[in-house]
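The structures come next, written out as structure tokens.
Note that chain A is present in both complexes that follow, paired respectively with chain B and with chain C.
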Partner chain A sequence: MVKEIERAGIPVVHVCTVTPISMTVGANRIVPAIAIPHPLGNPSLTPADEKQLRRKILTTALDALSTEVDGQTIFEVK
Partner chain B sequence: MSKIKVVHYINQFFAGIGGEEFADHKPEIRDGAVGPGMALTGAFGDKAEIIKTVVCGDSYFNENLADAKKAIIDMVRSANPDIFIAGPAFNAGRYGVACGTICEAVKQELNIPVITGMFVENPGAEMFRDKLYIIATKDSAAGMRDAVPAVAALAIKLVNKEPVGASIEEGYLPNNTRVNFFEKERGSKRAVDMLLKKMAGKPFVTEYPMPDFDRVEPNHAVKDIKSATIAIVTSGGIVPKGNPDRIESSSASKYGEYDITGVNDLTDATYETAHGGYDPVYANADADRVLPVDVMRDFEREGIIGKLHNKFYTTVGNGTSTKSSKQFATEYAQKLKNDNVQAVILTST
Partner chain C sequence: MKLEVGYIQIRDIQTADKSSVKDGILYVNTKELEALALEDEHLKAVCFDVARPGESIRITPVKDVIEPRAKVEGPGDVFPGVITKLNTVGSGKTHVLQGAAVVTVGKIVGFQEGIVDMAGIGAEYTPFSATYNLVVDFTPKDGLTAHEYEAAIRKAGLKIAYALGKLGVNVTPDEVKTYEYPSIMEAIKKYPGLPRVGYVQMLQSQGLLHDTYVYGVDMKQSLTTMLSPTEIMDGAILSGNCVSACDKNTTYHHQNNPVIEDLFEEHGKTLNFCAMIITNENVYLADKERSSDWTAKLVDYLDLDGVIISQEGFGNPDTDLIMNCKKIEETDTHTVIITDEYAGRDGTSQSLADADPKADALVTAGNANQVITLPKLDRVIGTLDYTEKIAGGYAGSLEKDGSITVEIQAITGSTNELGFSRLSAR
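Showing the complex of A and B:
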């Protein structure tokens, strides 16, 4: 799906846990997520901390969308 | 002659421990054959024997790669087998990646032959087909009966260091290594047969497939994210509560388009996941963990982005064919384009 969105001319960032799969599939901008059943969350945190974590991942995703890339690039969450 | 000693790797599902809710199962080693190992034992006859079975949850393996690899290699080393067999994984993505990863690691660390099996569209197949022998299987465990004899036959050949034939003869996925063999019929006849089939509109198999480099060049970065309309899309199956379009829990035949105008937070009362390939507890309790509407709304309010697009697109990635996924995304990407969406965040489980 990520490739078809890219092919349509829209920049796309793939947020996923198993980044090697994303590389194989052909995503160009990739942000690693937390875990398979909760990529953008962590149920062991308090709701406030969990939302903060989600915000951090999505901030990285927005950075990825704002960054020119030359090929497949993984943007680590800081 | 003594029997060939085999260590077999399977996931929590095939070990009978349970489904997704047990995908965090840590590696363990058991005596003898378990689950699909029984069928392999039958195919081996008196030539080989599964001495130990290693079981590991698919999520545990993929989320704890280094620890899982180390633990499993230690287990295999202690059993001292002649060959290591993983799976087959059919079209189970995480299982396929686990089988490929652990086979490659065992081959490197312990220097013994390894085999696995999977469906050609399993992401593990593309990752490992040029590094390992991967027996080509059907896309579900219904293909076990065909897969097992091919795995067993190739395993015995590898241990006995017998020559391995071409992929088409042995049943493994083509691995970019050419093996010469004699065809029964000469080239001119095969070519004419192929041409006749083509003219009659019948299926035929080319002997010289073109390599498939399906890569898309990255688009330019978004210049001004503060004024951009951004859409969220997921393969994690988030749908309005009750799954109104009945998107299938695996091998989805459709995608959903849902309006989130005025929605600021996804709750357990309003949204859930239709996905049958991961433990749904966390996504059902708070779907923002997969489709992050809450934080995107905060971004919108704070002026960090221009706008969150008022529709999201969703499907279930579990076992869904590449062909369907491609078709879904081609369709909704055009809609996103027509709606002047400037960027997409796609989340996957």
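Showing the complex of A and C:
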């Protein structure tokens, strides 16, 4: 899906847990997620901490979307 | 470690007033076994059936398959840390009721259990069509969570298999095999010219009912570690898996791991089988990195020449497989990986979710997406309620005439990545 959308000229950020697979399939902008059963959150955190975590993943993804890349790049969530 | 395994050939299972093994017949008092299973307060009812090779029977949803075994001599007993006391197993003597199996049935997840056909084309895709099966169908008490239900079935199945195994303790086996697994130093001294070969067995540990237990420890909580292959024969590794039926290792697979059997067969002839390493397949990327680092570290530390790696399951564990392979190859150790494929129904899609040029020696156990039509069989043990939802099934799988069209993914053990299957290629 990542590749097909990019083929249509729209940049894509792939947020995924297993970044090596994302690299293998050819995504250009990759943001590491938390875990396979809960990629965009962490149920072991308090709701407040989890909200902050989710926001960080999202802002990292938005930053990645607006960043020029020369090749496949992983944007770590800070 | 030295383990003597005595195989008692079982040629039928029959219900009787007294449980015993006599002249190759396993007689079972199901009332006694029912009482044993219902010791667990989570279970409401249990129902027994016998399914024999060639009978027109479909068993589904199958959870686990267990071979009845018990120890005759030596420290500990089978399934240590789970239903017997914690003790290091793998030495002494063990008796096996070969040809018999306990098949546990229950709708835990529903779509992640399997199908075993005792006759017809489906029977050719599962090894458990060739065993005499005591099928145990468990009904949980109301309000039980899936996790509690899984744990209850897992333990009850093991207890039944152990109770049956104990019936063979005083029976003279038809065949005895001895497996010797010396210390690494001894092994290297004994066969100085032979390549040192290890086996890295990957165990499903993704959580959410995709779990494997080692001496009672949930493998996702363990780092990569080592044990003797004879410990595995004594039930040190148990399946707690509700996952696609084709390539999960049931407890029976662990008890009879063909990679271990074949490495023992070649040991001292063409190779020196001197290391058994087990590792996990977790859902955090950091865990995948850490466990594969550890696998490669152990291989390097042991100075092995070659390693066989077997995977369990598919999808994200393909990454664990490739990480293990790549990192071990980087220690100048040759690897061969055993996996299966999800190459689409026409076989033209990418087979694995991950890949690397270093993974250049691979054995495939088949394409799990291959579609098959299973004819109607006379009897169903369990229920067909989940046939259209089972992994490999789809809306419309169950035809009006009672036949089922599914991917072979739905058949227990069809693409087993230990090679415990009958699939081959022309």
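Simple rule for what comes next: the second predicted complex is superposed on the first by the 78 of 78 C-alpha atoms of A that agree within 3 Å, B and C clash if a C-alpha of one lies under 4 Å from a C-alpha of the other, contacts with A are read in each partner's own complex, and residues count from 1 in each chain.
Methods note: a residue touches a chain if its C-beta (ideal position, glycine included) is under 8 Å from a C-beta of that chain, and two chains touch if they have at least 3 such contacts.
Predicted model only: the values in this text are computed from it and were never measured.
Would you sort A:Ile10 into first (chain B), second (chain C), both or neither based on which partner it touches?
So A:Ile10 only meets chain B here.
Applying the document's definition of touch, where does A:Leu65 land relative to chain B and chain C: first, second, both, or neither?
first
Touch test for A:Leu45: chain B only (first), chain C only (second), both, or neither?
neither
Can you tell me whether chain B or chain C touches more residues on chain A?
Greater contact footprint in residues on chain A: B.
Once the structures are superposed on A, label A:Arg55 by its partner contacts, choosing first (chain B), second (chain C), both or neither.
The first partner, chain B, only.
Which partner chains sit in contact with A:Asn28 here, chain B, chain C, both or neither? Use first/second/both/neither.
The answer is first: A:Asn28 touches chain B but not chain C.
Examine A:Thr19 and indicate which partner it touches, taking first as chain B and second as chain C; both and neither are also allowed.
second
Is A:Ile74 touching the first partner chain B, the second partner chain C, both, or neither of them?
It touches nothing on chain B or chain C.
With the touch criterion stated at the top, can you tell me which chain A residues are shared between the chain B interface and the chain C interface?
The answer is residues 17-18, 20-21, 24, 35-37 of chain A.
Looking at the complex, which residues from chain A come into contact with chain B?
Counting only chain A, the residues touching chain B are 1-18, 20-22, 24-26, 28-29, 33, 35-41, 43, 50-51, 54-55, 58, 61-62, 65-71.
Which of the residues in chain B end up touching chain A in this complex?
Within the complex, chain B touches chain A at residues 20, 23, 59, 62-63, 93-94, 97, 123, 126-127, 214-223, 225, 230, 233, 235-236, 278-283, 285-286, 288-290, 292, 294-296, 298-299, 304-305, 315, 325-326, 328-330, 333-334, 336-337, 341-349.
Which chain C residues qualify as touching chain A in the complex?
Chain C residues touching chain A: 206-208, 283-285, 288, 316, 318-319, 322-323, 353-355.
Flag every residue of chain A that touches chain C in the complex, lowest number first.
Going through chain A, the ones touching chain C are 17-21, 24, 32, 34-37.
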